[in-house]
Every structure is written in C-alpha cells, then in structure tokens.
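Labels for the chains are A, B, C and D, by order of writing; each one numbers its residues from 1.
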Amino acid sequence: MTVLLASLYQIVQMLLVLALAPLLTGWVRLAKARLVGRRGPSPLQPYRDLRRLLRKEVVLARNASWLFRAVPYLMFTAIWLAAGLVPSFTTQLALAPTADLITLIALLGSARFFLALAGMDVGTSFGGIGSSREMMIAALAEPAMLMIVFSVSILVRTTSLAEIADFMMSGAVGLRISLALALIALVMVAIAENARIPIDNPATHLELTMVHEAMVLEYSGRHLALVEAASMLKLLLYMALIACIFAPWGMATAGGGLLAVLWGVAAFALKLAVGGALLALFETSIAKMRVFRVGEFLGGALLLSLLGAIFLYVSRGV
Amino acid sequence: MGAITVIVATPLLSAIILALVPNYRLAAKLNILFSAITLVAALVQFGVEPSSGALFVVDAFNVTLIALTAFVGLTTSVFSAGYIGHEVAIRRLDAGKLRFYHAMYQAFMFTMLLALSANNLGVMWVAVEGATLTTVLMVSLYRTAASIEAAWKYFILCGVGIALALFGTILMYLAAQPVMGPGMAAMTWTDLMVHVAKVNPAILNLAFVFLLVGYGTKVGLAPLHAWLPDAHAEGPTPISAVLSGLLLNVALYAVLRFKMLLAANGAAIAPGPLMVAMGLASLLLAGLMLYRRRDIKRFFAYSSIEHMGIITFAFGMGGPLANFAGLLHMAMHSLTKSAIFYAVGHAVQVKGTQRIEKIAGLTVSHPVLGWGLLAGVVAIAGLPPFGIFMSEFLLVTSTFAREPLLAVPLTIGILVAFGALVLRVQQVCFGTPSGANAPIQGSLVPLFAHLALVLVAGLWLPGPLVAWFQTVAALLG
Amino acid sequence: MTDLGYDAAHMLGAVVLLMSFALLYQRRLFSLLHVFTMQALALAATAAWQAFSHDEPHLYITALLTLVLKAVVIPVALHRIILKMNIQRTIEPALGIGLTMVAGVSLVTLSILLVLPVTEDATALTRENLALSLSVVLLGLLMMISRRNAVSQVVGFMSIENGLILAAVGVAGMPLVVEMSVAFSVMVAFIIFGIFLFHIRERFDTLDMQKIESFRGESD
Amino acid sequence: MGFVVSAIAFLFVMAATGVAARRLPSVPTIVYGGSAAACAIVVLWAAATLAGGGGVAEGWVLPIGLPWIGTHLRADALSAFFLLIVNFGGITASLFGWGYERAHRDSHAGPVLPLFPLFLAAMNMVLIADDAFAFLVSWEFMSLASWLLVLSTHREEGTPRAARLYLIMASFGTACLLLAFGLLATAHGDYSFDAIRAQAPSVSAAAFCVVLVLLGAGSKAGLVPLHVWLPLAHSAAPSHVSALMSGVMTKVAVYAMIRVLFDLLGEPAWWWGGVMLGFGALTAVMGVLYALMQEDVKRLLAYSTVENIGAIVIALGLALVFKASHTPVIAALALTAGLLHVANHSLFKSLLFFTAGAVLTATGSRDLGRLGGLIHRMPTTAVLALIGSAAISALPPLNGFVGEWLLFQAILNGPALPEWSLKIEIAVVGAALALATALAGACFVRFYGIAFLGRPRSRAAGEAAEVGAGMRLGMAVPAALCVALGVLPTPLIRLFEPAVRLMVEAGPFDDRAYQPWFWLAPTSAIGNSYNGLIMLAVIALLSVLLVLVIHRRASDRVRLSIPWGCGFDGPDPAAVTQYTASSFGQPIRRAFGSTVFRARDEVEMPEPGDTRPARLTVRWTDPAWALLFTPVGVAVDRLAERANRLQFMTIRRYLTLMFLALVVLLVMVAVTQR
C-alpha cells in the first residue's frame, strides 16, 4: 500500500516539477522586469518558447557526432530525475532510498559533464570557451556543495533528503551559525550552477562573458528546447533543495493524508514564488562579475561551507 | 692432508712448466688444464673432513674460499685463453710476454692458495707479499706509460702496506711469545686460537691496527684504496677479474683471521668499530667516485671497493646474521665481479675502447653479451633474484634492528652507488649501438657459469655451505 | 739477563732510532745514503748483540744479512743509480725539515704512549724494544711522505724494514722464517724497485715522482 | 594455493618460451595466450576462495630462499582479493597486448614478450609471499621486470631517464621497506610474517615502521611528493604494460600498505591514519592538478593514477583511524570503499590506457595537440573511452561513483571520532577529495573532448583507422565491467567482505538488517543507501519515454550546415579557431596552477596586419622537483665532484693518507686503552 502510494507520489512529483519549471522561470523574468520598471512578458512565455523550439527544424553542424545529438536527452533525463528526487510536497517518495544528496549532486555533475562534451563536439571556439569555464566553475561548486552536505549531515546524521526534511521539520535543530553559513554557501552555489548573475547572464550572448550559453550555442530546435527545459528544471531543483533543507515546513510526512499532500503542494508553490521573487530582487540589485573572479566567489562558498562544518564542532560536541 | 698439498703444489709446478713453454696457444691450454686439476683437488678437499697440520689448515672458513679461488681461477683461465688471442691479434702482446704472463698467472694462483691454506702467520704473510709482487708484474704487462704508473703506484702503496702487515705479524708473535714460549707454536693459527685468551691485550690491539692498515691496503679500504682502480684499469682484463674476485678476498681473509684472534681474546679492544668505520668510508667514497668515471674497468674497480666496504662493515657489525651476510657477500661478490669483468673484457674488445661514453647499445649489437653484462650489473647492484640481494637483505635488516644510526648511512651509500650503476649500465647496454662492431672472440661460458651460480645462490643455498658459514660466523664473534 | 746486556741492547736500539731522525734531517742524497748505512750497521750490531746475549745463533745470520744487504749492497747500488742517472743531488722536502722533526718527535711520543700499558707480563726489554721499533717504523713512513725524490722514498721504505727487523730480533725465539722472509722481501722489493727505476728511466728522464704522477688515472 | 603457484610457474615457462622461440611468428599468440590462461586460473581460484569465505589458513613452506627460514607462501582473503584484481588486469592486458604486438610488429622495440609474463609472475609472488625475504625479493623483482619493460622502448628519447629514475626510486622504496622489516623482524631475524605478528613492536618501532612503509610502498604507489617517476615511467612503457603498471602494480603497493599497517603492525595508533589522510588528500589534489597540466595523453592518465591512489590512501587512512578508535563497522565501511576503489581503478585505468594505446596505434601520437575528431574515425574506441572517462569522473551509474559514494559515507562518519584534530582534518580531507573529484571531471572532459571530439588537429588524426579486434576486445571487457559494477556493486563487495573482516574484524553490512542483493546500504550509522540498478532503470525508462514523445510530437527534421567560424571562411572554418588542450585548461590553470605550479601563460601577439598566428606558451615548474629531487641530485653531484679529486693525487699524497689513517687508528687505540 505505502509502496504504491509512494510510487504515486513519485510520479506526481516528476510531473509537478516538469510542469512548474517553466512557470518558475517565467515568474522570475516577470519579477525582474517589474523590478526594473518594465511590463515584462507573461509568466507563461517560457512554455510558448519551448513549444516554438520543438516545432522548429534542427540545424546541425556537419561534423557533429552522435554524442552531440544524444546529450540533450541524457542531460534532460538526468536533471529531471534529480529534480524528481528532491522532496517538494511530501517526503514519501518511492525513489528516495535509491539516491541521497551525494547521488543527486553526482547526477547534476554527469549532466554537466555531457553538456560540456557536447560543447566541444563541433569544435567551434565558443563551445570550448563555454565548456572550459563551466568545468572550472563546477570544480569549485561541487566541493562546496559536498561540504554543505557534510555539515548538514553532521547535524542530521544522514544524507537522505527525506530524512533531512523530516528532521528539520521536527524542529530539533534550532537556529545555528553553521546552518546559516551553509545556507549562504548553498545559495551562492545555486547561483553559480544556474548561470545567474553575477556568475553568468542567461539573457546575454556577449561572447566574452558567456559560460552556459556558449556551450549550447550550436544547439537548435528540439535539442535547444530540451537544453532550455533542463536548465529551467535545474533552477527549480535548487529552489526545491533549499526549501527542503532549510524550510521544509508544510511538507506532507509519513501517514499524512490527501489534505496534507494538497497543503504540501500549496506550500511548495508558495516557496517557489517567494524564492523566485528573492532571486529576481538579488539579480537586479547586483552586477555581473568578470569570469576570472568566479573562482574567488566560489572559493568563498567552499570556505564558508567548510567553516560551517567546523563551526558545528565548536557549537556542539558532535 | 693430501688434497690440500695438491691444491697448493699444482699451481707452483705449473708456473715453472709454463715458464718453459714458448708457444702461447699451448700455454693457454695447459693453463686451463692445470687450473682444472687444482679445482678438482679443491673439490675433493671440499668433500673431506676439514683438518689442520703444522703447515696447512683447512677449516670451515677457508675451505669454501679455497674452492672459490680454484673455481674462479679455472674460469678466468678459460676466459683469458680467448682474451689473449685477441690481444695478440691486435699486437698488444707478444709471445714472450705471454710466456711470462702464464707463468705469473699460476704463480699468482699459488700465492693466493698458499695464503688461504697456510697455518702460519709468517707463511701467510710471505704468500700475500708474493701475490702482490706477481700482480704488480702483470699489471705492468702492457708496458704503456699508464700501466707502468699504475703498477708503480700499486707497488709502492702495497709495499708499505705489506711492511706494516709484517710489523703487525711480528707484534702478534711478540704478544704470544711470553705465553706460548718461543718457537713456531706462537705463529700457528690453530695453537694461537687455543692460547690467545691469555695473551696481553695491549700488544694485540697494536698488532691488529697494523694488520688492519697493512692488509686493509690490499683489501682496498678507503683511504688506502688508491692503488686499486688504476691497477684494475691498466692491467689485462683477466688479471682485473682475479684481482677483484680473489686477491681482495684473500687479504680480507687475513684480516678476519686476526679478528678471530681478537674475538677469542676477551680483553682486547673490539675491532668492530674500526672495521665499521673503514667499511662505511669505503662504501660512501666509492659510491660517489662511481659518478665521475669514464673508464669502464675503473668504474667496476670502484664498485669492488664499494662492496669490500660493505663486507668489512658486515664483519665489523658482527653477530650471526651480519657475519653470515658478510661471508655470503664475499663469495657472491667475487663470482659476480669476475663475471662482470669477463663481460667488460669482451665489450672492450668488440668496441675497441674502454671509454664508457663510446660504448652503447650492447643489447642491440651483441644481445647475448649485452644481456649477460646487464645481468651481472643487476646482480652486483643487489637486485633479486641474485645472491647479493640476500646478503644485503640480511645485513641491512639486522643492522637496522641493532644500530639504526649505522644502517642509515649504509643504505644511503648503497643507494648512491646504485644510482651510478643504473646510470652507466643503461648507457652501455641500451640506446642505439655505437662504436666498432667486431664479433666476440672466446667463449662466454665463464660469464654465464658465474651468473648461474649467483642466481642459484640467490634462490637456494646448499645445506653444508650454510652450516660452514654459520660456524665461521660464530667464530668471528 | 744482565743489566749490561739490557743497557747495550737498549743503547743500540736507541742508536737506530737516532739514525732515523738523522735520515729525516738530511738535505743531500749522498749524506742520506751514508746515514742509512750507519743505521744498518747499528741494526746489525743489535742483531749480533741479541744473538750473543740470548745465544740464539740464527740471529747472527740476520745480522750478517743486514750488514751485507743494507749496509753495503743497497747503498752502493743506489749510489750507482744516482751517478748513472745524474739526478740532482739535493732532496726537496715536501714538508719543512723543522716541521718533519716536530712530527717525528710526536710520533715517538705516540709510540711510547701506546707501549706504556704493556707492563704486565712482557719483559722490560720487549717494551723498550717495542717502543723503539714502532718509532723507527713510523719515522720511516714519515720519511717517505715528506720527501719528493724517489731515492729518498726508497730509503724511507728501507728504514721501515729496519724497524721491523729491530722488532724481530728484540723478541726471543722468533723463528727464522720471518727474518728470511724479511730479507727475501727486501731483496725482491729492491729488485722490483730497480726494474721500475729502469722502466721509468725509459719513459721519463727524471726520478722526480711529480712527473710520473702527472700520468693521471683517467685521461680526462 | 597450488593453483596459484602452478600458475606462477607456468608464467615463468611462458617467459622462457618468449626467449627460446622468439623467432617463431606465432610466439606472441602463445605467450599472451598462455599468460591470459594462467591469470584466468588464478582469477577463478581467488573468486572461488573468497566466495568460500576467506583464503587458506595454512600456507606452504618451500625449502628455498633464506636457508634457515625457507620461503613461506600463503594466500589469505586479502591476498585472494588482490590476486583477483591483479590477474584480471593481467587477462585484459594480455588480450590487448596480443593485438598491440601485431600492430607494432615492425617497430624495433626491445623484448617485451619474455618480460611480460615475468612481470605478472612477480606481482603474484608479492601477493602470496608470507615472509619478509620472499616478499622483498618478489617486490624488487617486480620493479626489475617493469624497469626492463619500460626500457623496451629504450630508443625513444626520454625513456632512459624515465627508466633510471624509476629504478632508483623503486630501490629507494625497497630500501625503506627493508629497514621497516628489519625493525619488525628484530635482531633475531624472525622474518616470517607469523613470527612478526607474534611479537608486538614497541611504540617507537611501530612509528618508524609506519613512516618507512609510507615511504616505501608510497614511492611505489606514487604518493606525492614521491610520485615524480610514475608519470615518466608509466607513459614510456608500451601501452598494455602502462596499463599493468598504472592499473595493477600500484595496487600491489596498496596491498603492501594494508598488509603491514593493518595486519603485521598489530593495534594501530590514531595518528597513523591521520598521517595517511594528510598525504592522501595532498596526493589526490596534486595528482589531478598535474593531470590537468599535461599535453601527453599517457602522462595525463598516469597523473590521474596518482590522484586515484590518493583517494585510496584516504580510504585506508580512514579505516585505520576508525580501527584505532574501536569503531570497526565504520572502519569496515572505509576499507570497503578503499578496496572497491582499488578494483574500480584497476578496471577503468587499464581501459583508458588501452584506449590511449589504440589512439597511439591509430595516429602514432600521444600528444593531445595532434589529436581530435577520433569519434568519427574510431567509433568503438570512442565509445569505450567515453565509458572509461565517465567512470573515472565518478558519474552515476558507473562504478567510479560507487566507490566515491562509499568513501564519502565513511568521511561523513568523521564526527564520530574522539580526537578533535582528526574531526577537523577529516572535514578538510573531505573537501579536498571533493575538489579532486570535480577536477577529475574537468580533466577527463578535457581528455575526451580534445582527443575524440571536435576536429582533427593533425593529418594522422584525420586519417586514423579503427584498431584490430584483439585490442577492441581488450578494451571492451573492462568497459563492460565498469558498467556492471556501477549497477550492481553489492555482489563484489560481498565477495571481498572476508578480506575486510580479516583486517578490521567487521564487515560493512554488519549492523544493517538484510537488504536485497541489488541494494547498497552499508552502515546504519548514517542511514543512506544507493541503488544503481533502479537508477539506471529509471534513467533508461525516462530517456526512452522522452525520445518517443519528442519524436512523436515535435518535428524531427534535420538540416546539416557549416557552423560559424568567427569570420574565417573555407571548407572547415571552425577548425582554425578550435580550442586546444592548453586553452581548455587555462581557466583552471589560472585558478589553481598559478599558485601551485607558478604557471604562467605567455601570449605572443603579432602586430595588427601581421598574418602570423598568435601563440600561447605555458610555463610551469614542478614543485616536487624544485623542492625535493633537484636539490638531492645537485648535492650528490657536488659531493661526487669533491670526492673525485681523490682520483688525481700524487703517490706521496696517497701515502700520506695511509700514514694519517694509521696514526688516527693508533691514537684511537691509545685513547681507548686509557
């Protein structure tokens, strides 16, 4: 029974993230536009963009290999799966035990790995620029991420997201410096991973500053649609992750009935809305930084997270 | 007592005979024959129960050395037969010199066998002196300025050393005489071993110092080693082989006999530290010297100094393990080093030069010789599965367990020498072949016979040999 | 033994030692040879005296050998060589004469220090004799390293042998083997030296070792 | 036991055949086939033994070796596991080598055939040796054989130096182990491992041993800063030998560490593991940074070996730490992670070296700057190389990730330790490990992207042809296992559980209720689990779904065209502007290299209007050389120069030396007699 229910929840979760991702992106764009005083597109614009891209034909470089064509599907699946693993409205997910935070990070890592390869496949200089910068950013973002996991798991004694959420909801943690540090670090990582300002600007195609966009420059049509959708999913994933670890309130737990689940969905939507608004506010209030300062930015994140881990020992003899 | 007499008499007679044979080809064959007879006798001796008389002593210590000497003597005579053929071909030697050479070769064997088997300090000293004189003459055989200079250096240094050794011998008698009364007894090993406990230690110490410096000069211990590299480099290669392989052992044997006496006499100073110091000095110095060598024979001569240093160090450490290691190392080194000199002799003849940088790619141009030389160097460098690895294993481990501070310089010295050996052997054996490319004259049998023995010894030692070594190790204290 | 015998032996030994000092002191080759001859004579006398006082007749042979070889044959031969090869007659010291003397004295002190503990069972004579011969040997070695000429080095070598014989005759009942071997070795040694001087004469026009040694081990 | 020994004997026979029948055209087939067969026998034996719950308790004593001790041979569970790894590597290497040999028949290389089986035999002997002498003989024999194998390419420029450095470092390591065993065996010379186990060493002796073993085995495994020889030697050898050296021989060094530190030394002290953690972290990070600087494919792979060894040593250190603090279950987890990584690395590193060999065969070049676009010319190799790269970058659901995951689980247990210093050190080490993993990802994107993707950078690369069946088979087998172990790691872990038990008296699954066999859910200290099978299934399902949907609903029209080449025209404009290996590495070089390697990019920009291409040169210094090896070399050289004067003195001076020696000794006697 519970297994069936869990699988049901899992399927709902997969579809939910898929459905919400473009909306979130649209919402962030709208909020940004409004903050700078423009009317801005409708929040549903991303759906239209995706549909249009899917309709279009694919223009493929002559020497593109099979890898180039396979990557969009691979990375989309990986990120979709990852997004499906983050408890959004309930902790009762069928796939929860198959993968913990570390696996999640690794999934995102493999998506990035293949995208970077795809960037180098055609052999244009932009692809190279994008891939190399992306990998450099990842080289710092991943350890920071794992350190965050480390400090959280010191507290919670687990790296399985469901259990983390449960624990956090139980309120046994209270307020902690180390958690605050971890949160800041996680936000920084999220910004970097999602190619947002100040690391990268999703809206620009200025060659010198591009990272993510440069990698996918050669993509078009349905491939591009998949890549775009994947990045939207990724944004949602990180928001859900932050929410799940630091603000799991309202999530349906074991034995929660239908009402709890509905309430969980609503809470999730609310969290996304707030998160999107905050992101928009942050992005509008800060300027893009030079690519080679990114190292320092993420190095900072890494140190913060490490500090968080060590602070835990000080704050309480774990 | 029969066998030992044959062992000592054969070379003496054959020296006289060879002095009368003008034809050098025949002489070379006879030389091999006589050496074979000596070896047979030595093997017989190997079988019979060790015994001792007024003139000769055969005990666990020297029986193996005698057999070893006879064996290397035979293999070297085989090698020399091919070697001199080439030397005559290129007109470096003529029949007259070869007549002298063969006679001297046997005379040299005689002196060494006598020194090993003599039961009398004086006789042993005379024998060692004789060995010096004969080898001096052979080193100067080529009559080139360099060889004369080498022989002169050799003669002066070892002459002084011999004189000091004689003084030590006299002192030994001086010490023993009050206890054992005047007469031969006070100069006979077997009797001395019995009574030495009562001998005045002060004179023993004095005697040992002179004997160590005296015979140590012939062992080639630093800083008394100066004669050794030149003598090896300038003389005919067979002589280099026997010098490294046998003469050094004989001199060390003498030192060890006296060490036995000191060990048997409780009150005398421990000779260990002196030997350890000189051994380490030789090891480190020779190891460093290896790097700057350009003459391949001199190169391996320094490696002999290095190994004599290791052996002396081992006996200086004392104790069952270290002494065993030392004895094993003595045997292994003489086999390996003479094998290397055979290979080097061939290499020098085919390439027509002794300069290391002019010899390259032996394994390509002369595969059998090249791999043989490589195997020899691998063995001398103390790599398994050859015998020297076993002795160095025992020495280093036991030393570190007892005196860690001594094991460190020992290991460093071995590694330094190792580095130089690897550097040179790669140069010589690998890379694109350079230099002349003449065919090999004479047989490679001696080379591979020695290598086979060393290989077998590295994997398995016959029981009786082990038993002998252990007895001697106990006697050496 | 009698005090007289003791004193005489001691005195003769002392003369030998004195002669070694004198050898160190010489500046000219010929005088060097003369001093060496005197040392040999003193040595022969010692041997003879020992033979007489311990009545060991074989020591007379030693004395005779020494007298003939060391006091006559060798000096004459060396004299010949010097004349024949007309080498320069002065000795050039590598170490200043004064310094050499100081070194010699300290060597003698060292040998006395070394012999002092030999009190117990050894007779007084062996002790003195031991100290004397030890000093003579060391001085001979010093002689060899502090002079440049080949001839003076040969002489130094000989005086080492003299020290050996002095030690040998001093101790009672030393079997003949040793003296024979000493004599034998000295003789051979001298022959070899001769051969060498000859070869070297072939190759170099001087006996000055500096030139010989200019032949370096490694020609590089 | 008998199987192993007879297999070793058979390998020696193969070596003899290689010498005797070297003229025979079919001899490669015989030798490699024979070696593969021998290895297969041992693999089966080892697997059976482990499945049967541990190795043979009683060993053999052969009447050879040290006279009064003999040669002790024994294969316990630990040996069995490593026998499994080594010989499996041997099989694949033989397969690949067979193909490689045929492809390179004409090149006048030195003899590989006789030495290859010897090398395998030596590694096997190390693993079953049960006394110090036999162990060290096999150990040094292993170095000897591999040295000669490296020298088989002795005509190529650079090889002699590499070989020399290798042998010297190897002997340095052996010397350290020699001293360590000397301490363990005490002055009585009890060299058999049983005797050593029987007597517990003193604290100081144990400390010395730990340091010496880390130096000795570490120099063989390539611990920074003793690693300098490794990339040179491994890349100089023929590729299948490189695979053996890098994928397998380093594991033998790991075996030596485990054998001494966990087994022979008895009860560990907590700081041992601390030291190992430190060196492991340093090695992991430095290794991958080095790899990112390399232009030579095989050197890049060799440096990545250094990185993986670092990870393994971290795992061992953790296991040791937890063993010392009496939490065996977590120790078991860490050791399991370590051993699993040993298995994984042996697989994908062999695979990658094989692909490098295939590329070398096809293009004749190891220089990234001359490769590119091989995915079109060598499809099979490209796919296998992709699997290898993904696996070594620890991407799920491949095997590399499983080891990484277990290792992090163990690290996350760090807080359970009593010592504060260790808690903090482990946190830092965790960060370092994560950094190394991420950088490894970057490194292999660079490797694969430059070598196989993009456009050919040289004519040879453009005309490369796929390699023969033998080589492809040799690559396919480890690739398949990389996937299989990633999806189903548990059976293997269960298989070598006896070895873990033997070392830390506990198993990884001990305090967890029974799990289905396809679950990986080690300790309950942290209730995490991973399931590669389900993950793979879901991913497959989703992607199939996706493809169907997209192709049903969306357009599947495709138009081929020429990508924009930044204004250059011509048939293939983008080829001119394509990224190179060094330009790819530039961001990371700026971030890390500038501090670690003092790396500097020098751009030489021609005047405007000048048509010369601008060129970028990268200069960097290797800290290990600058700080450690060059000084030692200089010191030896100076001393040699000093000592050399002794060769050129006058006889009188030599006599003076002699005289002084005599006087000094006499004075010593005079003094001691007082």
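FYI, a contact is a pair of C-beta atoms (placed from the backbone, for glycine too) under 8 Å apart; a residue touches a chain by one contact, two chains touch by 3 or more.
These numbers were taken from a predicted model, which means no experiment stands behind them.
Novice: Which chain is the middle one, judged by CA centres?
Specialist: Answer for the innermost chain: D.
Novice: How many angstrom lie between the CA centroids of subunit A and subunit B, rounded to a whole number?
Specialist: The computed centroid separation for subunit A versus subunit B comes out at 78 Å.
Novice: How big is the gap, in whole Å, between where the Cα atoms of subunit B centre and where those of subunit C centre?
Specialist: 31
Novice: With centres defined as the mean C-alpha position, give me the subunit B-subunit D separation in Å.
Specialist: Here subunit B and subunit D have centroids separated by 44 Å.
Novice: Can you give the whole-Å distance between the Cα centres of subunit A and subunit C?
Specialist: About 100 Å, centre to centre.
Novice: Which parts of subunit C, given as residue numbers and ranges, touch two or more other chains?
Specialist: Residues 114, 117, 141, 144, 153, 212-213, 217-218 of subunit C touch two or more partner chains.
Novice: Of all the residues in subunit D, which ones touch at least 2 other chains?
Specialist: In subunit D, 647, 649, 651, 655, 658, 662, 666, 669, 673 touch at least two other chains.
Novice: What pattern do the touching chains form: line, ring, star, complete or other?
Specialist: Shape of the chain contacts: other, as it matches none of the listed patterns.
Novice: Using the touch definition from the top, list the residues of subunit D that touch subunit B in their complex.
Specialist: Its residues touching subunit B are 63-68, 110, 132-133, 136-138, 140-141, 143-144, 151, 154-155, 160, 163-164, 167-168, 171-172, 175, 178-179, 181-183, 185-187, 189, 191, 208, 636-637, 639-644, 646-647, 649, 651, 654-655, 657-658, 660-662, 665-666, 668-669, 672-673.
Novice: Residue numbers of subunit C touching subunit B in their complex, please.
Specialist: Within the complex, subunit C touches subunit B at residues 114-115, 117-118, 120-123, 126, 130, 133-134, 137, 141, 144, 153, 157, 160-161, 163-164, 167-168, 170-175, 177-178, 181-182, 184-185, 188-189, 192, 196, 199-200, 203, 212-213, 215, 217-220.
Novice: Could you please specify the touching residues of subunit B with respect to subunit C in the complex?
Specialist: 120, 122-123, 125-126, 129, 133, 136, 140, 143, 145-146, 148-152, 155-156, 159-160, 162-164, 166-167, 169-171, 173-174, 177-179, 181-184, 186-187, 200, 202-203, 206, 229-230, 233, 293-295, 298
Novice: Quick check: in the complex, which residue numbers of subunit C touch subunit D?
Specialist: Residues 94, 107, 110-111, 113-114, 117, 138, 141-142, 144-145, 148, 153, 209-210, 212-213, 216-218 of subunit C touch subunit D in their complex.
Novice: In their shared complex, at which residues does subunit D touch subunit C?
Specialist: Residues 647-652, 655-656, 658-659, 662-663, 666-667, 669-670, 673 of subunit D touch subunit C in their complex.
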